[in-house]
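Okay, got some structures for you below.
In what follows, chain A forms one complex with chain B and a second complex with chain C.
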Partner chain A sequence: MEERGEFVIPAHPQEVWDALQKPDVLKECIDGCEEMTLTEEGMFACVVAIKVGPVKARFTGTVKIEDPNPPHSYFLDVSARGGAAGFGSGRAEVTLTEVAEGTRLNYEVQGTIGGKLAQIGTRLIQSFSRKMTRTFFDRFSRRWVG
Partner chain B sequence: MYSFNFRRASNIEDAQQIHQSSSDAVYVAGGMTLIPSLKLRLANPDDVVDLSQIEGLSAISSNDGVVSVGAMARHCEVAATSDIPALASLASRIGDAQVRNRGTIGGSLANNDPSADYPAAVLGLGATIHTNARAIAGDDFFVDLFETALEDGEIITRVDFPIPKRAAYAKFANQASKYAVVGVMVAETDAGVRVGVTGAAACAFRLTSFEEALSANMSASALDGIDVDSSDFNSDLHASAAYRGSLVTVMAKQAVEQLAA
Partner chain C sequence: MDAETGIGASVLRKEDARFITGKGQYTDDISVFGQTHCVFVRSPHARAKINSINTDPAMAVDGVIRVFTGDELVEDGIGDLPCGWVVNSKDGSPMVSPPHPPIATTVVNYVGEPYAFVVAETLQAARDGAEAVEADFDILEAVVDTATASSSTQIHENAPNNQAYDWELGDKEATDAAFENADHVTELDITNNRLIPNAIEPRAALGSYDAASSTYTLYTTSQNPHVERVVLALFVNVAPEANLRVISPDVGGGFGSKIFVYAEETAVIWASAKVGRPIKWRADRSESFLADAHGRDHVTKAQLALSSDGEMLGLRVKTIANMGAYLSTFSSSVPTYLYGTLMAGQYKTPAIYVETQAVFTNTSPVDAYRGAGRPEATYVVERIVETAARELNMDPVELRRKNFIPPDAFPYQTPVALEYDTGNYAASMSKALELADSDGYAARKAASEANGKLRGIGYSCYIEACGIAPSQLVISLGAGVGLFESAEVRVDVSGSVSVMTGSHSHGQGHETTFAQLVSDRLGIPFDSVNVIHGDTGRSDYGLGTYGSRSIAVGGSAIDKALDKIIAKGKKIAAHMFETTEDKVNFAEGQFSYEGSNEPKPFAEIAGAAYIPAVYPLDELEPGLSEKAFYDPKNFTYPAGSYVCEVEIDPSTGVTEIQKFVAVDDFGNVINPMIVEGQVHGGLAQGIGQALLEHGIYDADGNLSTGSYMDYTMPRAADLPDFEVDMTSTPCTHNPLGVKGCGEAGAIGSPAAVMNAITDALGVKDVPMPATPHTVWETIQQGA
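The block that comes next holds the complex of A and B.
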């Protein structure tokens, strides 16, 4: 699976950078996120309950920030397990660029998923990941607009 | 399958009460999506609330230019109706015979699968979805992937379809599942031309650029040269986003040609 996109956030790159490192901000913005804790510098553990139509699964995972270049770019290494539903892992490159409206965030994700969800849900994975991303940046941007 | 409590509701209030008092309940109508998910252990609800024994939810009637379809009406029952041939034809092409004998219109709409057929009919024909609490315009019902305007615990009771002057549904079906890779309902209604598209994006939508072109000239050639923005379309092993974009035009043209026939 490959996915790329960009969002414009109405805040300065440094503010965006700082917010993206905070577990409570991430928890608030990720749909279904039940736990997000900083286990060590640049390393998070999380629990996310995913709901896609009739499917409900709870994933536990780790997120690791690599090659940080504040406030310009970093890589995210993500891996998650969802019991009977399956598992997933991926790597995302995130870059922040200052623009007139604030910050343009570009992301590029490469990931794989396996298990039952992957077998029966192939036609839904991309739409679902887009929806999650959209929700994340909607909530994230709302931090800076009334 | 994980274990769960099977609760049979005798009326709508009963169903809602069971739903409210449970920490994690789901309604089952025909069960064509829910049961396979349960069998694969992809859902683990405490209570499954069966709506099939509630009286008066499956009637189909036609009055004053409106076809009223009860939420628990099976696809095969809608396929056997005659007042809106395009709707009957759509229902006759859902899934396979087993699915059409069990699956219900209310279940399909509440689930809002991006490839389901009925959403194209609701948008294309300008239907109104009635629930135990209110009436929701079809245009406001489909929100996002598997997401609708229904509140938690709200139950669809019937769907009212205004009878169009003429309408046709064309779909490019997945050969195994018969799900719509892309399906398009084109209708000439009292409120103007409507085009409902399913299968292409996260949920069904109306294509206003096609509606405008067809209002001016109801012919397939009127759609030539209209760009369909496929940047947000679904892309999977069955079809890329660009291919789905192309199919939207092809299916819309087929539907327009059926109207003229």
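The block that comes next holds the complex of A and C.
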């Protein structure tokens, strides 16, 4: 599965960068996120409840920030397991560019899913992840638009 | 004969009253005292090394009794699941059969492969326990694609190039020569889409161990309980055969997928002794998609050599067959002896050469599915014949007629091993054309065009080989079992009759058909015949039901036992008439002697058999019960002509089947209504394959079509009113003259549908299933 996109956030890259490192901000913006804790520098543990079509599960995962280049770019390594519902893993490249309106954030994700999620959710997963991403950035941008 | 219940009468099915009122007894309807429940923990990965399995969290779940891993079965001497037919490669080497432990131990090779199972007090607790099992895997690169499997990462240590075997049949040199002398060569590259069986009843098993008698009883959804028993005893080492009883009660459809010996019933019967309580498992639908053997999945290159006037001179077929991750019970025979041998079709093509490379992939095992090899063969032959006719600008009907094996050429030895005993292909074709109103086609096509629609017509003239036999031939070709059938006819004191058959009914209506046969031959009321099947404790060894074999082999065994009953009845009657048995006649349920004007009805002789007053017991044993084993001399060869007419909406790509005519030659028919029902079901499945059904894996080996949201089963609205009729050339080598009808519809129909669609679109090929999307894309590419 591959996905890419961009969002413009009405804030300076450094502000965006800082906010993206904060567990409470991430928790607030990720739809269904129940827990988000910083376990060590650049490493988060999270619990996210999701529903993709008929598959409903609580995913436990880790998010690791790699090659950080503040406030310009970093990579995210994500892996999550949802028990019988399946599992997912992926790597995302995030770049921040200063633009007139604030910051343009570009992302590029390559991921795989498996288990029941793959068996009965394949057709839904793309639109699900788009919706989840859009929700994230809508909520994230609202911090500044208020 | 009773015209209402005898041979040839459309008697309503005895079994339907209980089925349609919910009184059938399926495996899951059976519960035994102390029963526990079982859930399998299945691999979410297509290919991975198992580093560790932690069952502790599962054991901590309330209600969980035991959690088993594959290692425990190995330690207890439980063997691999075997493949029962050894196919040799061209070079004479036997096929490669990778180790197939029922419960994976060190590696998993397809999504859904079980690596542990949880036994609990309730189904919910077993589910929770299964979810709590933790396993650590190293995920490995998966092989998914049939065509490129042999050049991909090697899956099994003992299978270089992921190859199980590279098999051939026919005369290569003669075929090469035929191509050299040909005026025209038609080439066709086609795929036969992977199908996933969907019996209405999912597989289930209930195993119990009785410590007092050291015996095991397994209720399961098997099409052949005796084969299940012998495999579990002899190969898997669950228990001595005599201590193992296998019962297949009512079974809701099989289509081949319930022939095989699977991990689940092996696990529950074995574990019932370990737990000391009965264990039940029933698949849910999503589980069935992963855990049942799939069907078809061939990639084929075919070439047909012809003379300029349409004489078929030679056929070359090269097929890659996807076996999935392991060799399932009869998988190896499907793309070889049930496929290559059918490449002559209904034609006198003198030279044929077939090659089949069987490959492993990280997908569910592939095995027999309704038709098993013969639908794939028919698809190749009938698609290329139709394509050749178009290339030569000949009427596809005329090209076929020109090449049919004529009725006076039987018995006919084909260049691919089989000897057809009888047939009249032109007769079926003529009847089909008449029913299809082929003369009116041009007008119908014009009317469709006036409405902006595309209309096409397609033909398919299939042949199949049913009732695989004789045993000695198939054993010499690698089969690990004989292919006869057994029957016992037990006459009661009152003259009613119980029939114990080794055939198994899972929808076919044997309780009715076999009762018709017995009542007809003995001249006794239909209702006084009781047919018993599916229990190794009640009937002698049997081979079960698959390959349309039940009436031809199982029915013939009953017929043979009836001969013995009548012969003994004559002996008893002779004593009553005070004459010799050669002077006694038996007809219409009466034993008669010309010196007496008082014939003895069958029931009277039955009574005399058990109240032995009139005959000397040192010459004649009391009782009237006879057994027979019948081993056929040859396959039977049902054949038929199918015509399909489709209308396609070019703006949406939606194909509508407007007419489907099936004319089959099944030889003699016992119950025309049941036979017609079998044809209807087969057609629905064949049309499902052509238009709707497709088992798809993604590049990582996840089954993308693992539910009814993505795997489309045919529904009533997808199907036309079938026009079904028959011709008859009775089988020459079984006593009933019957051929078998269970698979024909699924064998003949895909080619007819696809020939019609390609005709409508004016293209050489459209891949199955011809979904609206595929058809629409084909139209766009041409535009």
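Here is the rule we go by: the second predicted complex is superposed on the first by the 144 of 146 C-alpha atoms of A that agree within 3 Å, B and C clash if a C-alpha of one lies under 4 Å from a C-alpha of the other, contacts with A are read in each partner's own complex, and residues count from 1 in each chain.
Just so we're on the same page, a contact is a pair of C-beta atoms (placed from the backbone, for glycine too) under 8 Å apart; a residue touches a chain by one contact, two chains touch by 3 or more.
Given the structure is predicted, the values throughout are model-derived calculations rather than measurements.
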Check whether A:Gly53 is in contact with chain B, with chain C, with both or with neither, and answer first, second, both or neither. both
Spot which of chain B and chain C makes contact with more residues of chain A, would you? B
Which holds for A:Thr112: it touches chain B only (first), chain C only (second), both, or neither? second
Once the structures are superposed on A, label A:Gly102 by its partner contacts, choosing first (chain B), second (chain C), both or neither. neither
Check whether A:Pro13 is in contact with chain B, with chain C, with both or with neither, and answer first, second, both or neither. neither
Per the contact definition in the header, classify A:Ile125: touching chain B only (first), chain C only (second), both, or neither. first
Is A:Gly90 touching anything from chain B or chain C once the two structures are fitted on A? First, second, both or neither. neither
Chain A positions within both the chain B interface and the chain C interface are 53-54, 84, 116, 120, 122-123
So, in the complex, the side of chain A touching chain B is made of residues 52-57, 84-85, 116-117, 120, 122-128, 130-131
Going by the contact rule at the top, pick out the chain A residues touching chain C in the complex. 53-54, 83-84, 86-87, 112-116, 118-120, 122-123
Residue set of chain C touching chain A in the complex reads 44-45, 111, 127, 130-131, 286, 289-290, 698, 700, 702-704, 706-707, 709-710
In their shared complex, chain A is touched by residues of chain B numbered 26, 33-34, 37-38, 40-45, 111-115, 144-146, 179, 201-202, 232, 234-238
